[in-house]
Amino acid sequence: MDSPVKMHTKDLNFFYGDFQAIHNVSIDFTQNQVTALIGPSGCGKSTYLRCLNRMNDLIPGIRVTGKAVLDDQDIYDPSLDVVTLRRRVGMVFQKPNPFPKTIFENVAYGLKVNGVKDKAVITRVVEKSLKQAAIWDEVKDRLNESALGLSGGQQQRLCIARALAVDPEVLLMDEPASALDPIATQKIEELIDQLSSKLTIIIVTHNMQQAARVSDRTAFFYMGKLIEVNDTDTLFTKPELKQTEDYITGRFG
Amino acid sequence: MKRQNIDKTVRSGFLLVALFSIVALSLIIIFLFLEGIPILEHVSLKEFLFGQYWYPTDDPADFGILPLILGSIYVTVISGMIAIPLGVMTAIYLAQIAPATVSQIVKPIVELLASMPSVVIGFFGMVVVAPFIQQLFNIPVGLNMFNASLMLAFMAVPTICSISEDAVFSVPTALKEASLALGATHFETLVRVIVPASLSGICTAIILGLSRAVGETMVVLMAAGGAAMIPTSIFDPVRPLPASIAAEMAEAPFRSEHYHALFAIGIVLFVFTFLFNLLADHISYKFRQVGEASL
Amino acid sequence: MIKKRLRAQKICFFLLKVAVAINGAALAIIVYFIVSRGWRAISWEFLSKPPTDSMTMGGILPCIVGTVSLCMTTILFALPIGVASAIYLNEYAGQTKLVRFIRLGINNLAGVPSIVFGLFGLAFFVIVLDMGVSILAGGLTLGIMTLPVIIGASEEALKSVPKPYREASLAMGATQWQTIRKVVLPVAFPGIITGSILGLSRAAGETAPIMYTGAVFFTPDLPSSIFDEVMALPYHIYVLATAGTNIEATRHLQYGTALVLISLIFGMNLFAIIMRAKMRKKLKG
């Protein structure tokens, strides 16, 4: 591996109260690569992902031990500022969640809260982000209409554009296509492919083919533990462990 | 089958009972008008609503309720200036910021405040607050517009707070998370996403809270000072609409002009609150809260 | 930049906490004054004797009895009508125009000022129906005022009954009425009662609706029928504080009466709040 590691966790443990949802997970995420997290429902993929931008902080009674590091900085260091962290590590959710505002305002939101006041800059970044998210042509004539009028697939791409607008270094995606039809899904997958040249992407998916199609590396989780992580090709063709093989071939449980 | 016939009958029975609220409301309106309209035989509507002198027991009597209307409007506006920020801020705190343990304590406090009888609050304004502000501001009487507004505010806060809290609380977490994930602070998320998304609920809450303040009787009867004059300062005594009715009904001879005038004041009061409620109903129905995007 | 944003957040959250503290302080101050100045007036005699010496001495027994009997009348009238209305709205009615109209009526009834209820009670119950100033007229006036609260509480209780309960019963061939009576109402019952207690506690503290319909200045005798006029705690406070023969000298009686009234009301509220918390726990698991 010659490219640098953008983000990694080392022996990360996560607790919801007394319940330990993540056990000693260590993964390196290489810069400008797509890493897929797969595993059966309830194995802790979302929990792990949400550790990486500290979204879990919102839940009362949680506890984290071990390390999660972005560049050289421990993101659970008490002196670290979560707001800045979340700007650097963007997130796209399973269900599209546009704000009940106009399309333009949705994308401009992150810029505005981050203190960008220059209208020209905002307009330029909004356009660029919408283009990056491959939705510009569909919405360019209705930027001032409510985002809630878009279709599900469009809303999800709008949410991606919104995340891109603040220029994140890492993008976390939690089953971003699970609520979409095949065509919208394909669009999102193409998008991930293009974005990976500039961003480090970590994506949770239930769809094995999708993981195989979009990712460079794949990590398999089971019951809160990392079972195996490897290059996607290797993991899907020559898994090291029987457990992994059973899962990806559907002989699971 | 017989069983099903019984079921139909039962259903109609329940419908009849459910109509009772409409019947009661209609009866209230009918009787207010029946007893209130006759005053128009003595004064014109314009003289009644905009007359500046309320001397119902003089001979000849004056039935101008402008000072009373203004009294009501002023105390409501001033109490709104206190109660709206207090109520909405408390609601936001409870719904979005407070740890569970804190809101478990604060919510019952708000409920107890809501259950405080108005006569006790009026009494408190009279015997504790009045002497206090009289000394503090060095004014001749402590029973005045300011005192009544302050007391009214504490009657309106629980209404505003509990309805706004529902609205703020029901903003989907997904929106909050979306904003935080973009690097907005918790506070920016509140101001730019959560409050706008719950604005219709908050407006409804404010309207209902103010409507409660307009119609509140005992507080203004006991703490407002009772002078039927157009106030020129916040420390002037006033006599809002409900206070006039409550204070004078005892001395108004049955079906006298004065009696009819008091019912007519009741109509004005009713119209005020009726409009408030229609507005609240309209807002909450028309601008139903926008939830998560649907697929 | 980010420091500034976080500082703004800190300041504003602090202000929110101040707002909460003001509410708490307001309640605490009112309760403190009533309790600290009222408890000395409380004695067995105060609770069990009628007022004497032009209401400058003695107790408040007739007021307690009056308030309780007004409340009984209120609940006997409003509970059946309220629950039945809620059953219709929640169990039978769909989203029809009529239902929206009924709801509009209930909402507006809830917003009618208390003194207007008093006027109505005077014109309708006292005069037209010739009940005179009596427990019945006052109780019915309070009952109409309480109705929206009881309907709201009952509807909420009915809504919290899980759908599968109803479906299971209907699937066994029970009619809707049988389902409501045997399945829905028993589950909703505690919620209905809790809500009704809250509504009743509001009625107990109201003064304006009973001033001219049920309560009088002074009557030495306890009521013997629902056609008797009564004294009532909230009205008694008002009377002593504004029109008594010696307002300053009876301060302790005023505070004492206020203490009895808020104890009664807070007691009802606490009971309802605790009962509701217990019910929620039970529903959860």
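A, B and C label the chains in the order they appear, each numbered from 1.
Throughout what follows, a contact is a pair of C-beta atoms (placed from the backbone, for glycine too) under 8 Å apart; a residue touches a chain by one contact, two chains touch by 3 or more.
Worth saying up front: this structure is predicted, and the values here are computed from it rather than measured.
Enquirer: Of all the chains shown, whose C-alpha centre falls nearest the centre of every protein C-alpha atom combined?
Expert: B
Enquirer: Pick the pair with more C-beta contacts: A-B or B-C?
Expert: B-C
Enquirer: Of the other chains, whose C-alpha centre is the longest way from the centre of subunit C?
Expert: Farthest chain from subunit C, going by C-alpha centroids: A.
Enquirer: Roughly how far is subunit A from subunit C, going centre to centre by Cα mean, in whole Å?
Expert: 52
Enquirer: Taking each chain's centre as the mean position of its Cα atoms, how many Å separate subunit A from subunit B?
Expert: A distance of 49 Å separates the two centres.
Enquirer: What whole-number Å value describes the gap between the mean CA coordinates of subunit B and subunit C?
Expert: 17
Enquirer: Enumerate the residues of subunit B that touch no fewer than two other chains.
Expert: In subunit B, residues 185, 188 touch at least two other chains, as defined above.
Enquirer: Quick check on subunit C: which residues sit in contact with 2+ other chains?
Expert: Within subunit C, residues 5-6 contact more than one other chain.
Enquirer: Quick check on subunit A: which residues sit in contact with 2+ other chains?
Expert: 83-84, 113
Enquirer: Provide the residue numbers of subunit A that touch subunit B in the complex, in ascending order.
Expert: Interface residues on subunit A, with respect to subunit B: 53, 55, 58, 60, 83-84, 86-88, 90-91, 93, 95-101, 109-110, 112-114, 147-148, 152, 155, 159, 162-163, 166, 179.
Enquirer: Can you tell me which positions in subunit A touch subunit C when the two form their complex?
Expert: Subunit A reaches subunit C through residues 81, 83-84, 113, 115.
Enquirer: Residues of subunit B touching subunit A in their complex?
Expert: 99-100, 172-185, 188, 192-193, 196-197, 290, 292-293, 295
Enquirer: Under the definition above, what is the set of subunit C residues touching subunit A in their complex?
Expert: 1-2, 5-6
Enquirer: Taking the touch rule as given, give the residues of subunit B at its contact with subunit C in the complex, in rising order.
Expert: Against subunit C, subunit B makes touches at 3-4, 6-7, 10-11, 13-15, 17-22, 24-25, 27-28, 31-32, 34-35, 85-86, 89-90, 92-94, 97-98, 106, 108-113, 115-124, 126-128, 154, 157, 161, 185-188, 208, 211-212, 214-218, 221-222, 242, 245-246, 249-250, 254, 262-263, 266, 269-270, 273-274, 276-278, 280-281.
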